[in-house]
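Structures are listed in the sections that come next.
Below are two complexes that have chain A in common, paired first with chain B and then with chain C.
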Partner chain A sequence: MDEIREWIRSRNPSLTGDIGEDDDLIEARLIDSLDFLDFVYLLEEVSGSPIDLQQLSVDDFRTLGRIRKRFLPAE
Partner chain B sequence: MTRTASPGSPDGRDLAGRGPQRGDLPDPDLDGRGPGGGPAEALRRLVGGAPDVGLDLVAVERVRRAIDDHGDRWLADMFTGPELQQLRLVRGDLPERAAGRVAAKEAVVKALRPDDLVAWHDIEVLRLPHGAPVVRLSGRAGRHAEHRGVRSVAVSITHQDGWAAAIAVAGSADPDSIEEYPHG
Partner chain C sequence: MTAVTELTWDDEMRTAVDRLTHTAEENYYNPYQTFEWPDHIDESIPWMSADLMTVHGTEAAAELSSAQRLALSKWESIHFYSLNVHGIRDLMTEVVARIHTPGFEIPTPFFHHFLGEENEHMWFFAEFCLRYGGKIYPDRTMAFPREPASPVVDHFIVFSRILIFEIIVDYFNSRMAADATLPETIRAINRVHHQDESRHIAFGCHLVRVLFDRLRATCEPAEVEQARRYVARYIESSLHQMYSVDAYRDAGIDRPAAFRQRLLADPGRRAVHDAFAGRAYSFYRRIGVLA
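This part shows the complex of A and B:
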């Protein structure tokens, strides 16, 4: 999850404080639409599994906790 | 802009050549119920009721960076085959042209206001032979549009100084009626 936190911070340099497991990343606009594919590629790299873009839901990305559950179940 | 000229005097003057006096002028026909309709009626004819509008601005450099970082994969995930074919055929800077299409897709998303993610491929932005962009919806975007009664989506794209911007208008009018609407 450190890589994911680092990616979010790199895209939001003004972000201060920790990103909690339950913080709403979508509501806070920490992942914008143009960066979305880059974020998916990162998740594929971290998880080692391909992600089907047609099967994604916004709730899959809403919090770090959900990202962990959906894409990184082995962690 | 609200037009206040009386119906039948397109230049704002009456037939005797007298400029309209304050007391002669009808109230602005904002609801389009007056003779000949008004701006609201024109808009209704164009989009079939209250339109949904989306506007988006994309920095060309962000698209350039995405293409530099991920190359063909990013292009293939962002654009359909026909979109890519058109983008590669047109002369000019690929990231700049791609940024315009991305802005158009995002503007369509904002106009449709879907309740979940839509894949970039679900919003296909192509250029007609005369250059005007046209939108084709499929997948979740198409289903959402159908559910909301959206039957037509019009987009316009512009580029300047490293930026691409697009506006999308989604409405319930049959697309054919848009073709028939007299411009000007």
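This part shows the complex of A and C:
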């Protein structure tokens, strides 16, 4: 999960403070359509398994909590 | 305040629409009868020009065996047409939403040709992928809620997305159409696409220029800034799309995601990106979007 937080920070240098488990990443535009591709590749690398976007919606990526539950259940 | 009253088109735009519509009519062809589709395409020669491949100019390129390099040229070629299939779906959706709606009376005659031609491009790109790759790479984009913006900003962003995508694709098409080392079928689809796209790009440049003038005249400075930032980031993101972990995996490359990271970080890619998007950068500088 640290890699995910780190990545979000690197893409949003003006971000101060912590990113909470339930913070809405989409609403806050911490992840948007333009860096989504790189984000999914990162998630695939961290989780070690491919992600089939056809089965998913933007809601599956809305908070760190949901991302953890859906893609990184072992953590 | 609605989109209707905000859109006005200048004479240059009207003349361009007339001219391009006329040329599209004159050059109309039946794509379903244009190509020869051989049973197989020779896999012992590259399917993509070496300088268009994402490993070109990188340190990591030296680690690939010649078999991997050849396989990668096949899969990056298939991936490139797959990107086109998905990109066309997106741009057709946006144009369909605007054709024959108030405000778009002037560009609408050309929208008809644009939509007809894009439908055909999608067909031959998909046909190529399915026949010779056995698949279309899945779409890796996701529909995000749109940032609330004035209609003019929305139009500017949508047509910029279309134009930037077309300009980058056209760099590839022109290069591959002229590359005599590639299989003839590959040269042909790139050549035919390039011919239609030269009209789409000319049209898109007028459309975007007028929309940016309107945007500057009617919107808040923050929105102008939003538009500028979007263009710069969209160009970057389009270039990143070319680097496909799926294609690296299909070419038998170890740890494909890490491989992608290394390529993107390689300083050798900067000049290549500037060349791919060069026409987009110079256009957006000329109309005052980029500094």
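As a working rule, the second predicted complex is superposed on the first by the 75 of 75 C-alpha atoms of A that agree within 3 Å, B and C clash if a C-alpha of one lies under 4 Å from a C-alpha of the other, contacts with A are read in each partner's own complex, and residues count from 1 in each chain.
As a convention for this text, a residue touches a chain if its C-beta (ideal position, glycine included) is under 8 Å from a C-beta of that chain, and two chains touch if they have at least 3 such contacts.
Since the structure is predicted, the reported quantities are computational estimates derived from the model, not experimental observations.
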Go through the superposed model and pick first if A:L37 touches only chain B, second if only chain C, both, or neither. both
A:R29 in the overlay: touching chain B, chain C, both, or neither? Say first, second, both or neither. second
Quick one: is A:E45 in contact with chain B, with chain C, with both, or with neither? Answer first, second, both or neither. second
Going by the contact rule set out at the top, does A:V58 touch chain B (first), chain C (second), both, or neither? both
In the three-chain superposition, say which chain, chain B or chain C, touches more residues of chain A. C
Across the two complexes, what residues of chain A are contacted by chain B and by chain C? 33-34, 37-38, 41, 53-54, 56-58
Considering the complex alone, what residue numbers of chain A touch chain C? 26, 29, 32-38, 40-42, 44-45, 52-54, 56-58, 61
Under the touch definition given earlier, write down the residues of chain B that touch chain A in their complex. 58, 62-63, 66, 69-70, 73-74, 77-78, 102, 106, 109, 116-117, 119-121, 139
Per the contact definition, I'd like the list of chain A residues that touch chain B in the complex. 33-34, 37-38, 41, 53-54, 56-59
Residue set of chain C touching chain A in the complex reads 138-145, 147, 230, 233-234, 236-237, 240-241, 245, 257-258, 260
